[in-house]
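Several structures are given next for inspection.
One chain, chain A, appears in both complexes that follow, with chain B as partner in the first and chain C in the second.
And then the complex of A and B:
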């Protein structure tokens, strides 16, 4: 379980490559045994953040604390952190067994908790075999790396890092090269490994579904800034801003005006909502999930429109509906299909209307990380 | 027309100028001048004056290979390093001497190392006195290293350049300090390049000729010079036979070395030419 103790803390971390600002003033803490995902589009700075924690990059300013002491200037090989690299970075001059044993072989017998060199060999053997079992690769000891499939290489990369019993495991889009089915399997396996071993995982991905599936906490990053930190449900249900809403799942994002507390106007219609504390007549972003738009008869809908296109998505139909009046293109998910060209009405219940401050990534408000493990 | 026919000009060329001559060499090696079968040509080989030359060739080629490796590996490592922007131009600089004829380069080396040459002029100007280089094994070794160094640098450079940088980061991540990164990962992973470099330096060095003759004023002969000398000995009626048997022995020695190196790099990943 996630403990309250802050294992890693980033304070005001900035990173520039020449004139390019990759990270702006990032504050983030990571708790012991937490599975935290850094989620964002390519180039948002998430990998750089991971590399700073791993010690492969130095922050331009700010500090990284590990159990309260500064990590700056401590090289990767002295950190109790291991990494699963994006392209696995396995040693192809060594076989599977020696790849996994690589880190342990570098340690002294004392570091492994044994007395002699002979015991060290036995201890390494014990740990390597336990890892092979954990990643379900028993019997592959003598195989050469080049003879493994992508999924198998990926498991060896995980085993090679985990065998060192790090405090923290960094994973840089480790499932990116796998096919969908294998990826889903590995997501669940990674999550169960993490719970079984009680190791903190910091996971980088651009795949929002992956983040929602595995994480205790998600930090959504864009333009080198953290946009929102929270548990998956909170991120999905209460996105901080239009970017988060759009990146996590699909969204209809509309311009609206907050008339008063719990009343918002968009598409020339007033809607009851559950958001308070906005200024009177403040322009806001209104976010409505496609599955939250209910299709009703044209005569009873709060809004009306014409179905433009229908795509069958398996579980549901995705319809594009052109709203009357301002012509906004609504994306609507429904299990019942309305054929293209038909007239429909749409209603949205108050708690499915999410109101956000107008904010661009450049002047984003600083994100406060909630201090406790709330649901 | 079958695709294999496209290689027929090459096959014909090889047949006429490699296979047929090699058969002649074999014929001469195993016969006397009057055409009867004999192994006596090979017995010549164990005579001390010949054996000494072969051993010296092997010794100098070995020294040359080791020196090339010691000088070439760090160079290749530096050139292949990240964040070094002038690698391409430096590689060209390393290749540049290879665009010139080997004899020209060796003549240049002679002028540099000569008793009244550039090196000694410089030493004298510094008040250090002259040193005698030309005619020593050291001079021959310098000539060999100078000529074959690029063949060591290039294959190692190619392998190191292709190496994924994240492998080095993975080694650091798993606990390697900078020295161990090199000994545990970089060097083992560049073995194919090293093998290729060793082959491409050792083979030509052990059979080289002209370099040694020129840089030793004819005093030091290597295997290549020896074969050359035997063939051109006008007085000896068996010169073609003995020369051929020596050529065959060198060929077998090289085949053995290749076989040995193939064991180290079975996939020939270094892209060696041998």
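And then the complex of A and C:
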């Protein structure tokens, strides 16, 4: 499905608001039919990046290419891009039908591929009804916007954008205002709509789970810079740096020293690992996911500690375990519960230990977008 | 906390009654006299609608009514257009300067009418513009605009800031976005503003007095000049009608504002 064709390309995009640098030298390309998520904490610049692609902001420097030609200076109404805004931005003075038909009404009959004004009306009607069916809102044509729930408004906002058959759909935290259950449902529906229509989706969120569920590609952004780009599995399994490891899922991040290839020392203990190419005795960041720490008997564990607290999370228990020696607080997820105060042993298998270069600052990490990704 | 003894309750009722009496007694007396058959102000000789009938047969009064309505309608239309576009412009500025501008444009609402009236008259005289209907209309436009701004600005502030962008996103040019999205979204504010402007126009005496001439009297001017020759009961009837009209308009505006803020 995903072809290696660059639909949108950003080259050295910077954005300043006065003295505030919101984006630093962002390079990114987006392939046709890709579902790409811009993921980062609030204030990281992800929404600004989206607004630059939509044409609502101009980059301070750098360029944005659409199918190879420069988009700079082209106003939003001339871009083949539509947007689903964070707070929906539906038109309260129009009913559901007229909201969806708004963009089509502005087009000429020729643009809609029909001959006369009368045919235009019929064509608009056909497309609006098809959209209402797609977002499962048939029968709501005459409703006013205030009479809809948040989730229904969300669907109408998506329909209003998609009905124009854009090349690219921009979505700015569209599910932020919905409750958890509805959000999960909409995630799956959005993904299936995207696959069904074959439209490129650029999705902005701060919710890492949402990003992992829906995306073909995730770009993790922090401090106005892209920290890592890759498919969800790579981002989760091989985070580039401590920020990504911490932001995507939960992590135990420890200071360690690389003794030699495949051997690392942390918590005064030597561990086998699968990372090579680090300098001898190089200080490194060691990342271990909470679910990768196995609880064993105190006598057989590579590390030992005391359980500090236990929280039931549904599928698993989350335990905080204070390690003996350096007193590191381990976050451990396990389906078996050890009561607070009990002594436990911990074991980590080599391929679950992730070693990362220590970054002096997060900015220093160069990000290379892989030219093509494995299917 | 005062206890609700009977004495306290009575005191409160009496106090309230006095307050209302103080505010409305003069108007109530005038309304009563407009239905008095006698010309005398001291004698009630029976109920009549004669003064109202006479009122509508007096060409001077009918002419003044026409002038008043004409001025109010034209001034309302023009001030609504200027005020609405001005509000949209100031809202879009979104800088510290915009705040200063908004406050400066509200200021004329608090300037005493006599100052506005005299200064406008001076300006017209200075520019050698003969006083008449159009000078009065321009004066009304000037004092109506702040009321329009005052009603439209809150609507713009309440509006979802992405609406304009959504319109552009769906293919509107900036001008089309203004007409098809921004104006319809703030229409309730525009309507309230124009009602308020219309009321202020109907209501005005002082500013009209200084910016027009006896050749183009409006209703309040007719009432004022007729008092110099001894008040006729037709004037009570006219004043009663003016009071009733303004009252109805204000109730309407109040209800609209309440509905909008719900």
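Heads up, the rule we're going with is that the second predicted complex is superposed on the first by the 370 of 375 C-alpha atoms of A that agree within 3 Å, B and C clash if a C-alpha of one lies under 4 Å from a C-alpha of the other, contacts with A are read in each partner's own complex, and residues count from 1 in each chain.
Criterion: a contact is a pair of C-beta atoms (placed from the backbone, for glycine too) under 8 Å apart; a residue touches a chain by one contact, two chains touch by 3 or more.
The shown structure was predicted, so the numbers you read here are calculated from the model rather than taken from an experiment.
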| item | value |
| --- | --- |
| Chain A as common anchor, with chain B and chain C clashing or fitting | clash |
| First (chain B), second (chain C), both or neither touched by A:139 | neither |
| Touching partner for A:339 - first (chain B), second (chain C), both, neither | neither |
| Partner chain(s) touched by A:106 [first = chain B, second = chain C, both, neither] | both |
| Touched partner set for A:85, first chain B, second chain C, both or neither | both |
| Partner chain(s) touched by A:68 [first = chain B, second = chain C, both, neither] | neither |
| Overlap of the chain B and chain C footprints on chain A, listed as residue numbers | 54-56, 75-77, 81-83, 85-87, 89-94, 102-103, 106-107, 160-161, 164 |
| List of chain C residues in touch with chain A within their complex | 160, 162-163, 165-173, 176, 180-181, 184-185, 187 |
| Contact set on chain B toward chain A in their complex | 164, 166-167, 169-177, 180, 184-185, 188-189, 191 |
| Footprint of chain C on chain A - complex, ascending | 54-56, 75-77, 81-83, 85-94, 102-103, 106-107, 160-161, 164 |
| Residues on chain A engaged by chain B in the complex (per definition of touch) | 54-56, 75-77, 81-83, 85-87, 89-94, 102-103, 106-107, 160-161, 164 |
